[in-house]
Every structure is written in structure tokens, then in C-alpha cells.
Amino acid sequence: MSRLMSEEGIRIDGRRWNELRPVRIEVGVLKNADGSSYIEFGKNKIVVAVYGPKEVHPKHMALPDKSILRCRYHMLPFSVEERKNPAPSRREIEISKITREALEPALILEDYPRTVIDVFIEVLQSDGGSRCAGITAASVALADAGINMRDLVAACAAGKVGGRIVLDINDEEDKMGEADMPVAYLPNLKQVSLLQLDGKLTADEYRECLNLAINGCMKVYNMQREALMKKYFSTKDEEGGSVED
Amino acid sequence: MSVKKTTTIVEQLRRAQMNELLALNKRLDGRGLKDHRELRIDVGLIKKANGSALVSLGNTQVIAGIKVEVDEPFPDMPDKGLFICNAEVLPLASPYAEPGPPDEDAIELARVVDRGIRESEMISLDKLALISGKKVYAVFADVSVLNADGNLFDATSYAVVAALLTARVPKYEVQDDRLVKSEETIPLPINTVPVSVTMAKIGNSIIVDPTAEEEACMEARITIATDEQGRVCAIQKGGSGTFSVEELSEIATLAVSIGNNVRERIKNAVAPASTNNDNDNDNDNDINK
Amino acid sequence: MSVKKTTTIVEQLRRAQMNELLALNKRLDGRGLKDHRELRIDVGLIKKANGSALVSLGNTQVIAGIKVEVDEPFPDMPDKGLFICNAEVLPLASPYAEPGPPDEDAIELARVVDRGIRESEMISLDKLALISGKKVYAVFADVSVLNADGNLFDATSYAVVAALLTARVPKYEVQDDRLVKSEETIPLPINTVPVSVTMAKIGNSIIVDPTAEEEACMEARITIATDEQGRVCAIQKGGSGTFSVEELSEIATLAVSIGNNVRERIKNAVAPASTNNDNDNDNDNDINK
Amino acid sequence: MSRLMSEEGIRIDGRRWNELRPVRIEVGVLKNADGSSYIEFGKNKIVVAVYGPKEVHPKHMALPDKSILRCRYHMLPFSVEERKNPAPSRREIEISKITREALEPALILEDYPRTVIDVFIEVLQSDGGSRCAGITAASVALADAGINMRDLVAACAAGKVGGRIVLDINDEEDKMGEADMPVAYLPNLKQVSLLQLDGKLTADEYRECLNLAINGCMKVYNMQREALMKKYFSTKDEEGGSVED
Amino acid sequence: MSRLMSEEGIRIDGRRWNELRPVRIEVGVLKNADGSSYIEFGKNKIVVAVYGPKEVHPKHMALPDKSILRCRYHMLPFSVEERKNPAPSRREIEISKITREALEPALILEDYPRTVIDVFIEVLQSDGGSRCAGITAASVALADAGINMRDLVAACAAGKVGGRIVLDINDEEDKMGEADMPVAYLPNLKQVSLLQLDGKLTADEYRECLNLAINGCMKVYNMQREALMKKYFSTKDEEGGSVED
Amino acid sequence: MSVKKTTTIVEQLRRAQMNELLALNKRLDGRGLKDHRELRIDVGLIKKANGSALVSLGNTQVIAGIKVEVDEPFPDMPDKGLFICNAEVLPLASPYAEPGPPDEDAIELARVVDRGIRESEMISLDKLALISGKKVYAVFADVSVLNADGNLFDATSYAVVAALLTARVPKYEVQDDRLVKSEETIPLPINTVPVSVTMAKIGNSIIVDPTAEEEACMEARITIATDEQGRVCAIQKGGSGTFSVEELSEIATLAVSIGNNVRERIKNAVAPASTNNDNDNDNDNDINK
């Protein structure tokens, strides 16, 4: 038995194998943005803003039949153990790309031709799974911005730690564990829009891990819905029929 | 190379409306000319930082984090620690902010905030030496603007000051010319609490803590940092307008008296955290108002 | 900040034509859905590199070179060597490639290839330490795409793997805490041969080793690296489409079986070179087919 | 008494408290520029060129109702004790900005809509007060370029050294002194267009310092006028009624 | 006698003073490019691609009366003894410029107004004389791309090694020798389009060196012709009268 | 990637006019084909530099400064000092110059000037070692073009050469493997005075020291540096035209004879300064003609 998993199947932070870390999602936290959200996912603390749909500059970059989605995943210098240079690292550039590709299938970009939609994900404090938390929060912020969507995107990792397949890897488990598999899922369409793997899994473990991650995504999805309901249906005065801004 | 962009027609319309109100000593948001907006300071949100503070000044929202490392001193100051202040206006802070390296506005912001802290001698840099000429504490203050609604100078300054006041850094023992990190953490050596007060000139009026809308109409801006003894420590005039000598005299007096009020608010905000620093419950330190 | 450019009308036309063929389990170039294009691997072309390989996968052509230097280890891993993988799509590789620093596609390419090699533990990094905490081997794998015709992931991965398998590095002796380079060269400590298999989803079909034309029509892409024990070591989904759970299950099975075939081909390609490394006759290793 | 100020009130370079360093200003030193000047201010040696008003590229950056002023303050690598990297530092970027803001109120930019005016300040050798010397020389070069101006801009610092408020801080006084306050002044409009402070002053000292600096600006202003007169009125053949270039 | 030249006049790699290293040129090695070539010149291994004539972006950069020639000389990180940073060095930028200037006189750019022609030279392995080998290969690739040319450009260096003027300096001779003089020559027009010199030569040696280098260029020219003939005239099916592409 | 911009119509008109004059062996400014413009060299303007020179060649004006630091040698040349030459065309030098990092023209300029000095062995780099393999003098020559009116190559070269000839560097004593800076300054170890001569080819004429106007019409350019023994040390052909072998032969002869004249002028210009280096009176070294 590894020190990451007790004999009773209890993980280093007290969770069971199929348990998520504490999650909190807030909607509409920034005044200037068209949509925004804040997520705490374990020790991850992430703010997301959405600007758009808006005009494209320069104009010849615009697409005639749909909106361009742009995503930036960025970590603040003090969000990690060792101070991080504010310039985007190769890791941040890759995560920005796969985040865009994870969100894009959920958006009806055809409804906004010749425009651009910007998603800015700022990691204030990072823990294991920050890309999944960022995608989860971005999906909520896009909904908050009123962008037409086919589905929400819920993201969660599973992995292998101390020989066992477990849900939602934290920082220490990521560093010491055997495998980490971030997954983004469109719950109603039943489609996977992000899948990555670092670490070794047999084919059977891979399938178990994938299913467990999707299971976690469904739990995350419920929290996304709750957060949106809390903003939009707890008081009736913020939702009207007219398009503002 | 720096370019100032202006949309003159909008500016002229706004200026008219604002000037009418200002002539009556009123502002668009109902404040008195010399009032700050509501100030909220939450410290300790970022556990991975040595100190942190989330500051809201009206709708302007900034977050500061302090990271303390061990580094080599400058050759000409072998017994002084380092203080490095960086600011960035995140692209999520406003429709006009863009990703990329800091532009001249963000560089000025960081340098003016740095100057207020450095010139007031808030931190005793000479107490941050560990091994003369070889090892000193390097204090990095990184501030990110989350929502920009005017007066980034004051909001950023308050965030850095509050984060520094509540920072705890690892204690080192020197053994055989090598540093050994102890479990114990200590606060930074603080001398004074400098307070930045920013005013804008619109027409003939001087107003405190301008919003983004007010900044779009202002002729000029001035930021003054004062220390606990009421001394002026740092000034930065900005904007393409001017001030008369009389205005500059009045502004200094105002900066001292307003600064004293704000200083009390900062001290109150950091007081519980400084006695209660290891409390991991951050439910109260919510980014959401 | 990353933008995806698409020319939707062309895409739709191509998609139609391709889908017709795919419905009949056919591809534009006559391959079966699960077939790789012809793979050719030539090693040892670059004598100034510690290892090198020129790989053709159909018309996609890449060259990888390994340079091994002595460097300092990361402070938190004093006994591990370094492996650094960089990729660039040279401007001569396609009409759409441009000079300049790697864009998000080239960065993803390098990181995915790196991940397959690192997570499979192909190289025993802990055997690359020379003096604990001070000196380790640093293995640089640089790959350049010479002609881009789809599936850069697999071609790049095969080139780096073949170059690593045939690399020879100088042996060092440690004398009084200093390194002395010997005349002798040794191979890198290899554990396994990871194999990358990339598939694309077009309509309802999953195809292996897409060409550039197929990639222009694909909804999504997935790259899976497996090791000699048939374990999955690294996955990267790409593209703005999705996969169902069933598809993902099938894909993993395919990646293992196709990977086993490719692994044999790589091993055969490097076999003569590894026994024959100092042969300076490179007339057989011609960039031209 | 500090070593910076003798008991007789004599400063380290022999000046009294209200004395400027030696100043020399030349007008029209560069052939290609539309306007140019050279200033020696103590050990500062600075060349300034003005190009414009000229077309804006790209055109959509132009302002419909006035000219854009751009300023660059730049130090040559050998201008300081330690060789300086030629790329612009954060300090140079800040000084470029405040220089532009110090000059702009003096210019009638509305007379040149849809154009740009470039001011290039190159510090060949730097001493304390190079930003003030640069602004002073730039103002002269703008006049030499024939740009319509409401006023000249004269700049000079005052500060606190060895406990006393003194005029025009040099390098050593800047490093060892208690405060440095650069000021730019429009002498006819009686307006301050640049004000900065580094260092501690009581409210009274601040006022004394400001007045002393303005006093210095008036002296600098006279030298600016002299330099311009020397070029434009010593010989009559260079000023005509027609607009050339 | 230096160790670079034996008493019998035999050089370190076995060549005589007027001998070229082994050269091999292939035409049409890359599928995507409009023209391409591969050269081995001693230990130099270089690939060249030509794209164009093609549209200019942005359009206002286009020239109304001729095509723009752009050249990039670039070394792969593993092409030299010490791993090279992939970003272009000052040396690569200079060689890119003189390569463009060496090729330009041979091209009839006036035949392709409002277009751009890109030449990409990638050094896979470098030896002495890589700029000459790159120009030689680029000239062949331009011919392969069907660009109208007045002449080919053949390039070769001569230099002074161990006191003697010799042809085609290799890496070791470059480092230890007294002078290196790269020359590019238009054989039919009898014009020199590249000339550089590093190292000391008397005026007489300079002339001897220049003539020897041109002699080498003529040998290189014959190999260029052979390589093109091999592609275009060994089988008759690739050359037609119509403009394809 | 480098692009050459041309305005062909203007070029053609100018070429016509200039060619008419050149056919009569005349130039637009009245000079003979082989004459340099008036050369003025003022040394010692920059006291903070170890050496400096302001050079005017007609209306072309450049300033060079030498900074000497102590640095580590290259590992493969443990007993050689460093010489690093950088050039920038300041944005104030011409309406076409722009701020930013050096473009290909400025890079070529710096490298050609560097080559002339390096290949002539003007400075004995092997006399600049202080502690073998550890400490050497590093000589930085930075040149800035203040006004660009053609032939930057010669003006820049003369400025660097004059600044080097008059530079004085701190003397160091080696005590227990450490350097101790003495009060004394010494000149750099100089072997020869290399002289750069630049010619342009317009039509069938070869002219010396082209102005900006002449450069706009030239087909090709050539720069030749020669040493005191009349040896050719560095050559750089530029421009998109060509030279015949006969022209290249004539050019070399010219470069030696013209170089000898210029060398005398440089030596005269630096003579008073080298005997009179600590004179702080720089009223004679005026940037203004």
C-alpha cells in the first residue's frame, strides 16, 4: 500500500476513491465581463470571464458562417509553489488549445457569424485538475454570457493512485500517482470533448478510469446547474426577453 | 513607443454632462468630490502565496500575491533584500484589455505602486539580508487587475500593502555559510503603512478616486503616497492635462488627510488575519461580493 | 491566445466526398480505414547529432536529431537526467507553415510526443545522473517537419523514438567530483519502445493515420501511445469534435494492436544501425525517396 | 551635515542650493529630422529629433480631430556607468509616457488632424535629471519643427539633499539625497505638466520644493528662448513665410 | 608547414589545393513545395524549398512591377557541434540577406509582378561553406519551381590555408586557416553576386583566390546542370509546354 | 525573413539623372567618383564610456562608445578577451528608421564592422586575458547612427576604430586568483588601424562613399577593410546587383590606396585625444558641426 492510499481505501486528503474534492461555483462575479464565474475545486481557485460575441479585428480574420472561439488559460505568478513567470508557458498554451477544443462542441457558433468569443481563464491558485476546473467554470461563464449552447461541458479527472483507480486527482496524487486522465463531457449529448492521459494504464484500467471520470463529470454537471439556477432563478429580475448588450 | 487613443466625440459629450454635475459638487454615482468608493479588503485567499489580498474599490477589483524567495543581492547593495513589484491588467478585466506583455499603462502602474512602498521605506530591506553579499530575501509582489473600473493605482497599492502586512515568510538559520530553512514563519519587517490617494482633474474640479467613466473625461491625474507621519513619499502626475501650483498645494493636503482615513481601514482589514494567519477557512474571503 | 481558422465551404465539399467513400470503408488514397501509410525510417543521417532519424510516413517527412549535453539537474530531482523535446514545423513543410516561434500546434505536437516517451519511461532518466545534484545528462530531442501531409504526431514520435534508440552518448568518468569525458560512447538506457497511433473521426468512421486532406475534414483526432506491455501511456484528444465512450473503448484496443505492428517496424529499422553505428557511409540514408 | 552639503551650503559639485548646473542648448543639429536639438545639462548629453506631422500607418489608427503625439526616451548602451542593454527598459517606457504627457498640453495637436508627430529622445550620456533635460530639449525640437505650440515646456527638478531643499539634483545627489522631484512647467500658461516625487518630504517641504523647481524651470525657459532666437533670429535667411516640408 | 597542409600539398581531408569536396545534388525532394532540392557538399546536408510566385500578404506590401524575393537560411538545432537555439541568430539573419542578394540578379522578377517568392534553406548538418552550398541548392530549387531565370547561381569558397590559396574550405580549415572567401557566380553572365572575405590576403592573393573560387563555381555549375537534367530529361513525362500549378 | 522594399519609379528617374552625370564623371554633390565626403572625428565626448567617437561623414553622423567589462572567456578560448560589436540605426536617424530590435540591415552593419576589426587583428585579444579560463576583458563597441545619409558602413567603422584607439580601461592586478581594480587606466593593445572603404556601382561607374540618394540608385555595394600593410582583411558585397571580376580587381586596389589616406586622417583625429585623455573640457567635441 502506498502512502497515498490507506489500507481502508482512504486517500491522503481523507476522501474515498469515488469522491470529489469540495466544489463551489459562483456565477457573474465580474462586472465588466459579458459572462463570468468563479470556481473553487479543492484548492483550485479560478476566475473566468467571457467577452463576446463581438466584432473581429482585423476584419478579414472573421468567419462568414460562425463565431471564432478563443480561449486563454493563464496562471497568476503566485498561484503555484514556485513563483511563475507571467508570460505564457508552453503548458499554458497547450491547455488553452485543448480547453477551446473541449468547449467548442457545446457552443452553437453558427448563431454568431463574423464575431469572436473570448474566454479568459485565470488561475488564482492551482491544485491538481486545474484544467478541468477551468473548463467547468468556462462553460458556466459562457452560459452566463447568454451564448447559445447545445449542452454544458463538465470536466473531471480520474486516475490511478497507489494501485487503485480513483476520482479527481489532487496535486500530491498527481505528482506521486501512476496515472492522471482529465476528461470533459457533454452530459446530454453523452460525448467526450477532452481526453488526455499521463501515465500507464492497462486497457481495462483505461476503460474503468474513463467511466469513473464521466461519473465525476455528471456530479460536476449538477453543481454547474445549481450555480446557474441560483443566479437566474432565485430572483426573477435578471432574466428578461430582450437581448441586452 | 507609446500612443494615446482617444474617442474625442464621446469624451466631449461625457465631459459636458459630468461638468454640469461637478459644477454642483456632484458626481454621476452620487459620491462627494473627495470620497473614495467602498473599499473592501480580504486577505489570505491564496494559501500558496506568502501573503495575499483581494481588494475591491467600487467595481475595481485587484488581487495581489506575495512570493518570498532567497536570491543574491545586487553587488552594490550586499546587505539589502530585494523588492520587486509587477502589475498586469488581465484581459478579463475590461473589454479594452488585451493579452500580452504589460503595456506602458501597466508598467507605470507597477512602478508607481512600487515607488510608494519603496520610498516610504515600508519594508526594512536592510533587515532582509541573510548572508552578506550572498543571500537575501527577494520579495515579489504580483498584482493582477480582475475588473477595471478606474483608479487602478489606489486599488493596486492597497492590495500590495495589505498582502505585505499579512505575509509570513520562512525563517532561515545560517549554518556554516549555508541557509537552513526552519519550520517557523515570520512577518516581514514593516516600518510604516504608506497610503496612495489618486485624484483626477475634470474642468476645474479635483475629485478623489475616479471611476473609469470619470477617467475617460479627466484632463489629468495625480497619485500621492503618504506615510504615517503625514509625509509625502511619492507622486506621479498622469494624463495630458496640467495642474496649477495652487491645485498641487491643495492636493497634497488632501492626500495626507484622506490617506489617514484609508490607513485605518487597511489596518482594520489586516488585523484579524495577522493574528489568525494559519486559519485555513477561507469561506469568508470570497471573490464574489 | 489561439484561433482556429476554417474554410467551411471547402470543408463541407470534401466532407461529402470523403463520407461517401468512408461509407464504403474506402479512403481517397485506397487504404483500408485502419492502415498506416508506408513508413520509412532512416537512421544516422546526421553525424553531428548523437542520434538521428529521417522518417517518411506517406508524404509526411520529419527529421529528428538527438543532442546530449551535461547539465545541472532540477533541484527537486537531483538524480534524474533531463529529457527535452522540441518540435517545429519548418516553413518549407507546407504552403501554410510560416517562419517564427512554434505556434500552439507545434507546441502541442512536441508536448504530446514528449509525453508518450516520458510516461512510457522509455529512457531510464535515473540512470542519466552523473554526479548527484550537480551533473546529469540532458537529452535534447529536436524534430523538424520537412513536408507536412497529415499525422505529424506519429511521424514525429517515430522519428524521436528511432533517434533515441540509435543515439550514442559520450561516457564520463567521475574523478574528484569532476567529469572526465572518455573516448568511449554508450547507448542511452532504454526500457521500452513506445508507439504512438493517431486516429481521426470523420462522420461515423474512425480512420488511422489521416492525411492532411483527411485532417481538414475530421471532426476530432486522438493520439494514443502504448508500451511493449500493451499499456496505454499517453492520450491526447484534439479537434473541435467529440468521441463517444464506445468509440474511445474501440480506439484503445486498436492503438495496442496497431502499435505492436509499428513497434516491430521501428525495431527492424534501427537494428542495422545500432550494430553499425560508426559507419560513415550514408549514401543509403538519402533524404530523397 | 551630510557630505553632500558643506557647512557653507556648498554642494558636492560646487553649486549653491538654488543654482543650476551648466546648460547648453543647440537647435537644428540633425539634417534629416524635421526639428532637432542637442542639450548638455550638467553631464547629461541628449539629442532630440522630431518627425512630423506625417501620415499615420496603419491609417485606421489616425484621429479625425487631432494629431497623435508619440514620444520615445531611450538611453544609448554607453550612456550610463554599467553598459545598458539597448532594448527599452521598464524605466524608459515609463519616462516615455510621462514625457509625452508633459509635452502634450503645450502642443496645438488640433491643427494637424489625421497625423502623427514623433519625438525621439536619445540620451548619449546620462546624469541626474535626464528626463527633465529630455523634455526641455524635446520642447525646443518641436518648436524647431515648426509645430504650433501654446507654450514651451521647461523642466527642472528640485529635491532634498543633506536636509536642505535644493535645485537641480545631479547623479550623486539623486543617489544619496532624501528626495527628488522632477517638474515640467508651461511658463506662460503657469501650469505644471509633469510632477513626480521619489523620497520623503513634509507638506511644507513639498511646497517649497515645487516652487523652487518652477523657479528653475523659468531659468531653463530663458535658455530655451535664447537657443531658438540664436537659430532663427541671428541670421534672417532661415525663416520665410512659406511652409516647407 | 601547418598541420592543415602536408609537404606534398595534401589537405587535412586528403584533397589537393584545387579540389572540391564530394558534392551530390538532388532535385524535387519535397512534395508540397513548388520547387525543392537537396545538396550534400562535404558534410553539409541542406534541403531547400521554393514557394511561389504567390500572392503577397498584406497586399499593400506587393510591388507593382516585380516579384519580391524572400530568403531564409536556417540551421536545425542538431546541425552543429553545440546544440543551436532554433531562433534565428544574427549570423543566420546576415546569411539570409546576402543569399537573397546573391540569387536576385539571376531571377527575372519582373515576370511576376505583385507576387512573392519564398526560398527556405534548412541546414540539416553544417560544415564549412554552408552558405555557398545553400545558394547553390537554392538556385536549383528555383529552377525546379519553374521560375524564369537569366542564369543559375553557383557558389563556392576559396581561401588561404597553411600559407596556400586553396579551393572549397571545410570546417577545420575555416577555423584554423588564414582566410575564407565565399563567392557566388553567374556562369553565363560572368558576374559575381556574392563576395565576402574573412581573413588577411595581399592584393595578389585576393585576385588569385577570387579566380580560384570562380573556377570552383564553374565545377559546381556543371553539377547543378546535371542534377536538373537528371530530373527533367532522363524521363520525358515531367516537362510539358503548359504552365502547371 | 527579409524583404527588400523598392519604389521603382523614383529609382528609375533618379538612375537616369545620376547616370547622365556619372557618364561625365560627375556626382550630384560635385565630388569626384573616388572621393569621400568630408570626414570629421571627435573623440572623448562620452566620459562614462571607456572610449567614444562622434563621426560625421558628410551628413551621415554616428556615435560609438566603448564599454569594457570583466567577463568569462569562451570555454574553447580560455586566454582570449571578448570583442562584441552592436549597431543600431536610431529612429531619429531618418524618416525611414523605426524603433525596435535591429533589422537585417543593422545586423549586417554591425557584423561587417566587427569583421573588419576582428580579421585585421586590430586588438590583441590574447592580451586581454586576466585569469586564464576565468576572467578576461570584454570590449563592447556600441554604435548608434544619429543621422543616416548613406555609407553607414564606413562611418560606423571609423567611429568604432577611433573609439577603440582612444579607449582607456582600468588596470587589474591578480591577487590570489582574484582581480583587484587599480586606479590606473591603460590603453587597449592595438596592432593596426583597419580602414573600411565602401563603393557603390551605378551603371558602369564605381563610386566611393555613396550618399543615401546614390545608394537608392546603386545596383550593388562593396565594403573592403584593409590593414596598415595594405592587406585585404574583410569584404562584404551587398545589394541585388553584381560585379565583374575586373571591377572586383580594380576595387581592391582602390580600397588599399584610399584606405591609406583615411588611416592618416583617423590617426590625426585621435592623436590629441590620446595624449590628452583626461581633459574634461569637451566644448570642442560638439555634436553640432
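Labels A, B, C, D, E and F are assigned to the chains in the order they are written; within every chain, residues are numbered from 1.
Definition applied: contacts are C-beta pairs under 8 Å (C-beta built on N, C-alpha and C of every residue); 3 or more make two chains touch, one makes a residue touch a chain.
The shown structure was predicted, so the numbers you read here are calculated from the model rather than taken from an experiment.
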{"item": "Subunit F reached from subunit C - shortest hop count over touching chains", "value": "2"}
{"item": "From the options E-F, C-E or A-C, the pair that copies A-B, where over half of the contact pairs coincide", "value": "C-E"}
{"item": "Chain whose average C-alpha position is farthest from subunit E's own", "value": "B"}
{"item": "Most widely separated chain from subunit D, with each centre as the mean of CA atoms", "value": "C"}
{"item": "Rounded Å distance between subunit C and subunit D, as computed from the means of their C-alpha atoms", "value": "58"}
{"item": "CA centroid of subunit D to CA centroid of subunit F, Å", "value": "31"}
{"item": "Cα-centroid distance, subunit B relative to subunit D, in whole angstrom", "value": "28"}
{"item": "Multi-chain contact sites of subunit D, meaning residues that touch two or more partners", "value": "72"}
{"item": "Residues of subunit B whose C-beta touches two or more other chains", "value": "1, 99"}
{"item": "Successive chains along the ring, subunit E then subunit F then the rest", "value": "E, F, D, B, A, C"}
{"item": "In the complex with subunit F, residue positions of subunit D that touch it", "value": "26, 29-33, 36, 38, 43, 45, 47-49, 51, 54, 72, 74, 76-81, 83, 86-87, 118, 120, 122, 124-126"}
{"item": "In the complex, subunit F residues that touch subunit E", "value": "1-4, 6, 8, 104-105, 107-108, 110-111, 115, 119-120, 222, 227, 230-245, 248-249, 252-253, 256"}
{"item": "Complex contacts: residues of subunit E adjacent to subunit F", "value": "61, 63-66, 68-72, 90-91, 93-94, 96-98, 100-101, 104-105, 181, 186, 189-203, 206-207, 210-211, 214"}
{"item": "Of all residues in subunit F, those that touch subunit D in their complex", "value": "45-49, 52, 59, 61, 63, 65-67, 69, 86, 88, 90-95, 99, 101, 140, 142, 144, 146-149, 286-288"}
